[in-house]
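Got a structure for you, questions after.
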Amino acid sequence: MKGTAMLKVIELDKTYGQDKHSLKSVNFTAQPGEVTAIIGPSGAGKTTILRSVNQLIRDNGGQILLDDEDIRQANKKELRKIRHHIGMIFQNYNLISPLTALENVLHGRLGAKSTMAGMLGLYSNAEKAEALELLAEVGLKDYAYQRCDQLSGGQQQRVGIARALMQHPKMILCDEPIASLDPKSTRTVMDILRRLAKEKQLIILINLHQIDVAREYADHIVGINSGAIVFEGPSQSVDDTVLQKIYRQADSTATVTANEN
Amino acid sequence: MKGTAMLKVIELDKTYGQDKHSLKSVNFTAQPGEVTAIIGPSGAGKTTILRSVNQLIRDNGGQILLDDEDIRQANKKELRKIRHHIGMIFQNYNLISPLTALENVLHGRLGAKSTMAGMLGLYSNAEKAEALELLAEVGLKDYAYQRCDQLSGGQQQRVGIARALMQHPKMILCDEPIASLDPKSTRTVMDILRRLAKEKQLIILINLHQIDVAREYADHIVGINSGAIVFEGPSQSVDDTVLQKIYRQADSTATVTANEN
Amino acid sequence: GCASGTATGTKSDSSASKDKDKAITVVFYPNESAKSFSGSRDALKKSIEKATGKTVKLQTTTDYNVAIQAIASGKAQVAYMGANGYIQANHISKDVQPFAAQSDAEGSLKKATYNSYIMVQQKDADKYKDGDKYSIKNIKGKKMSYVSNSSTSGFLVPTAEIKREFNVKDEDKLTQNGQFFSKVLYGGSHQGSAVNLLKGDADVAAFDDGDLMPYLKPSEGSWDKLGSTFEVKDDAEAPFTDLKGKKVVNIAMMPVQQGPWVYNTKSLSKDDQEKIAKEFTSKEFASNKEIFSQPGSKAAKLFQRKTDKQQLIKVTDKWYEPTHKLVGY
Amino acid sequence: MKTNYRSPQQFFRQRQLRLWVVLIILIAIYWLSMAIVSFQTIPSIVKVPAGLVWLFKNFVPTQRSISYLGPILYQLWRTLLVAVSSTICASFFGLIFAILGAKTTTPSPILRVVIRFGASLLRNIPVVAWSMILLFSFKQSDFTGFLALFFMTLGYLTRAFTETIEDLDGEKLQALQAVGANYFQCVFCGVLPEVASTLTSWVLYMIENNLRDATLVGILTGTGVGFLFDHYFKSFRYDAAGLIVLLIAILVILLELSSTQIRRAIA
Amino acid sequence: MIENSSTTPKTLPQPNPKTKRISMMTRPRLILRTVLGGLTLVTLYSLLTLNTANLKLSEAFKSLGTNLHSMFLQPSVGQDSWNLLLTALTRSVSLAMLTTLLGALFAFFIAVGAARNLSPTWLANTIKAVMAFIRSIPTILWVLIYSVTMGLGANAAVVGLTFHSIAYLVKAYSESIEETSSDTIEALKASGVGFWPIVFQAILPSIIPALLSWTFIRFEINFANAVAVGAAAGADDIGYYLFMSGSFYSNFHEVGLIVYLLLGVAVILELVSMRLRGHYLQKN
């Protein structure tokens, strides 16, 4: 199973507009059962990679193989099905703000529902119970019935995490899931993610800024700079020279072509 | 100068709605020339404190003394003047999204301008040059003319920082300014803030999640849990027991009364 | 009132849809002839119901085209309209036929007309004299006020007169600013057109006699005489309150045929047609105090009765030949 | 606000209950209204296509109507001018009123109520009443049409602008307040840029709207393409009336297209 | 669709560092100013060329004063009765309710198809063009059409008015939908949620305040239309009395009274809408 369910990104390209080359021939793999972290300077293209993986943005070329099938070739219906198995946690939460935390978590089930049941938001008791449990797990038991725009940043982030878990995903994409979390919540969340990866053999792809967290929790690390992969390897092998390579020049030259690999 | 320009928060109270007690008798001081970090679990009330300090939200009681004057007593006009000297960096950037990065930075000068000049956006060339320079300093030289909603999270954050610096403030309030920054940018920003504090004898009040950053850059640390101050002291004295006290119970009990100090 | 009348009419209508075919719809356009005399309308409804034994539904509309299309399409069976409106409806559908119109004081059709005037202010009246007679020769280039372009006496007849006098082919010339007239105004009602003239916004105005009788009185001559002078009454109500004592002169006077009651012969059974026509032209109908204001009485009713002989009288399309000619078809 | 429920079931039950109550109220209102005006829903909806057929049969422009093109185009141009000028003037005042009247930017709550009801007054005086008020005093002219459109547009734009401003994320304004910007600076540097694209689309929409309303106002004031429409309509020259409708429609669609285009360009 | 949000960075070429002036003009700003400037010019031109019919302003305002005085300070029922007017008013309100409810229901579903962030561009554009076409057919024409096809009365009035109601609301709703943050929609799309569930679970809750305010604005317009046009269709509403007292008798007093009645309804509406909006917009 491990071999086949792997995520393989091959020669991915993306330009915003006509000239803004944000991803240049990106290649990497992520194994099930492992946490793969993408690190790199701000504006390097981490978010862009993640969004390409579940085709929220259309890239300009390349291949994204999941179970050896190219997601990019999937038609609309297939894509929906694939996406239902991919949980996503967003940098700025993307919750439906007038709804309660509970409802937002339950949205994770919508992809598995019939159109009618989904439209009317009919959830089974078991699902409701599970949603509450997940909220409790991320430490938001008391906030289940609060409108999401009344939650603090970190609280919203955790609602987003619970929503992704609610999907029972095969792969989870996380865009800086711990950016607004305190250290304790950070540990909680990262522990959950690592445990899930191990227990359920999930692929976990995660954008991180905190290198120490990446080193501690990730099995595999991908380094990106100015849209190009500059490092890929086990987390142990990330040393200072590697870090320098990754974070060099920051992004004031992000638009200038950089061709190292 | 040092003694008088100090920020002193005394017995600050805040409830959202009728029952949500978010701050309970908060007391702490912040000295000019020092970086004061507020740390604590998500939902503890860090953002709430910061917003109270420049009266973006009205608290329910207490005192906020700056230069021995209570900000809370200031009338509208005085408040504006005071605010002009307080830079603020927001957790979710709060930039005017259709405007360019440059213009957003220039907004930092609004408080110093006449109503008319401000309304029409008449900035002097010197101001424009300074804004460009500040953008360069935070690594966004090439993005000056880009609309803010086309910038990545970290890029937007840095625009917000440049805007605060543009104010030539006496005090800077930062709400998790480095949450979406990569390690290198983090260092850049924290270095700038520390340098400013020292050079210009500014008060820097900063909400942080990353304890190691707080330990490294802050002189003074305030720990908050469930709306109550549970620690205040120099950053060296923050050890594991202190941290445990601060982050204990996380916020699943945030609404329950906690009365330690 | 007429409001409740409609409500009950439609209720029975929806409860028993079979009756729907049997219900008779009568449509009114509040034209120069049919005003909001709800009492008269109720009485009318009763008498038609009595005559035919069917439910009658009264419909009022403020739109001229809607009324005409309704009777022409057979969605309404009976209508009361102005002469011009009838011609239009008849043109769309030959099923629309007149069956009764108000007679003259003698009870005949000979003078079954009312008057349309072209008037000017008294102080300018001399300018419109051709010898010692008034004429419309000098109205070219002036500011003109009509009633509305659907009015028979306030538009159709006067424009026909002007077209004839000046030999204008294209009627649109008479309705556009800066063509025949320097400016063309519309009063919206006969009163409005008169006010345009009295206030001096227009130099020349067209309107009829019946509508202005409550506000104007002949100070020289009479309502039936060309070149008469009319003065605003002292007790005239709005919009004439500020215009008391002002005088106007009629420089042209054209007879207008009384508007007919019509039915749609397709959608109203032969039997009913006869019954209604008979009822309307009967003597009893004319003595119905709710429908006809009796001689000498001041109460406003649907029809004025100057003499005991006046009543509704049978008419056919043929009688409207003159108006057909005016309209052009 | 009650935030604690014993179980999610209870929470969802309450949600559902609220939804049902709202639905039942709406249905009751509908049913009652139907009874009051004796409207029959199904039979009416069934006849909708027949009406469309009738429309196209009668109103399709014919050869003859082409001869009317000259005056129609001239009046259309005049009407467009009046529509544009009344909208622009109204949007200028509307913007001022909206800023003074929006919850987030109002200097005083009393002013807010006054402006809201003032705007409501302007919107809700019926056209017939407007025409009476204005016609009797200002006579039949382009200017009267301009005034009528101006007042009605002012009513709508004030409300629309107000709500656009109220929908704005308050946090962004806070950022400017925190900088020490005063009221006007917050408005000009924060509010206006944020809402510019929405406001522009409103202005363009009101131009379109006034172009159409000009048919109504034109009838009353005897000016513009509206008057012409009425004239052809009343004299049963349906083909010419149809031509006018068609031209207005083309203009309206063009306006709508450019509105989208402009909005995209300035967004 | 949503994914292809490829926007070109609309920047003017970098200002030449050698010149001292630093320009802040970007292309969007330039376009905005050009549009506004153009419109202003057109306005000036048309204001200057307006035909004012030799208006004497002082006189005009004086007469305006008298008219307003007799209208608003001396309202009376004129030749109709209170009972009659109130019944007719209820009828007008009912007409407005029906057309608004019907309009809102149909419009919501059509609007989903007309929203550029949910539907293919061709479909959205087609629907929008058709709606624009429907809007440009005068209401009176719709009423005429339906009084011919189904006879005079409420049916014709409701159907005729509903057309505009739908066309207007489709535009309004679809623009509200287009304004929902694409991020939140994206979040659900990312978890494989289908189209209609997204519409009802994500978009609908987010735009309820906007929908409410649009629907209320439309209610107002429908009410005004019902008054103006209902009478023509023979729905026998307050518009008939307004027409008679206004256009026929020029009875300012009765017009004044009717206007007061209409404004009364409008004020109630405004209060309801303000409250509802407040309820949904509240964040604290």
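The first chain written gets the first letter, and so on, giving A, B, C, D and E; residue counts start at 1 in each chain.
What we mean here is this: a residue touches a chain if its C-beta (ideal position, glycine included) is under 8 Å from a C-beta of that chain, and two chains touch if they have at least 3 such contacts.
By chain, UniProt protein names: A, B = Phosphonates import atp-binding protein phnc; E = Phosphonates abc transporter, permease protein.
Remember, it's a predicted structure, so these values are computed and weren't measured experimentally.
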{"item": "Any chain in contact with chain C as well as chain E", "value": "D"}
{"item": "Pair joined by more contacting C-beta pairs (B-E or B-D)", "value": "B-D"}
{"item": "Centroid-based (C-alpha) most distant chain relative to chain A", "value": "C"}
{"item": "For chain A paired with chain D, centre-to-centre distance based on mean C-alpha positions, whole Å", "value": "44"}
{"item": "Gap in Å, rounded to a whole number, between the CA centres of chain C and chain A", "value": "79"}
{"item": "Multi-chain contact sites of chain B, meaning residues that touch two or more partners", "value": "16-17, 92, 98, 103, 121, 150"}
{"item": "Junction residues of chain E - those touching two or more other chains", "value": "7, 9, 28, 53, 91, 148, 150, 153-154, 239, 243, 247, 250, 252, 283-284"}
{"item": "For chain C, residues that touch 2 or more chains besides their own", "value": "10, 65, 188, 201, 239"}
{"item": "Interchain contacts (touch definition) - all pairs", "value": "A-B, A-D, A-E, B-D, B-E, C-D, C-E, D-E"}
{"item": "Contact set on chain A toward chain D in their complex", "value": "100, 102, 123, 125, 128-129, 131-132, 142, 144-146"}
{"item": "List of chain E residues in touch with chain A within their complex", "value": "2-9, 181, 183-184, 186-202, 205-206, 208, 280, 283-284"}
{"item": "Residue numbers on chain A that touch chain E, as the complex places them", "value": "16-18, 20, 54-58, 79-88, 90, 92, 94-99, 107-108, 110-111, 113, 115, 118-121, 147, 149-150, 160, 163-164, 167, 173"}
{"item": "Complex contacts: residues of chain E adjacent to chain D", "value": "27-29, 31-32, 35-36, 39-40, 42-43, 45-47, 49-53, 55, 60-61, 63-64, 67-68, 71, 90-91, 93-95, 97-98, 101-102, 128-129, 132-133, 135-138, 141-142, 145-146, 148-150, 153-155, 157-159, 171, 175, 179, 209-210, 213, 217, 220, 223-224, 227-228, 235, 237, 239, 242-243, 246-247, 250, 252, 255, 258-259, 262-263, 265-267, 270, 274, 277, 281, 283"}
{"item": "Footprint of chain B on chain D - complex, ascending", "value": "1, 171-172, 174-182, 184-185, 187-190, 193-194, 196-197, 267"}
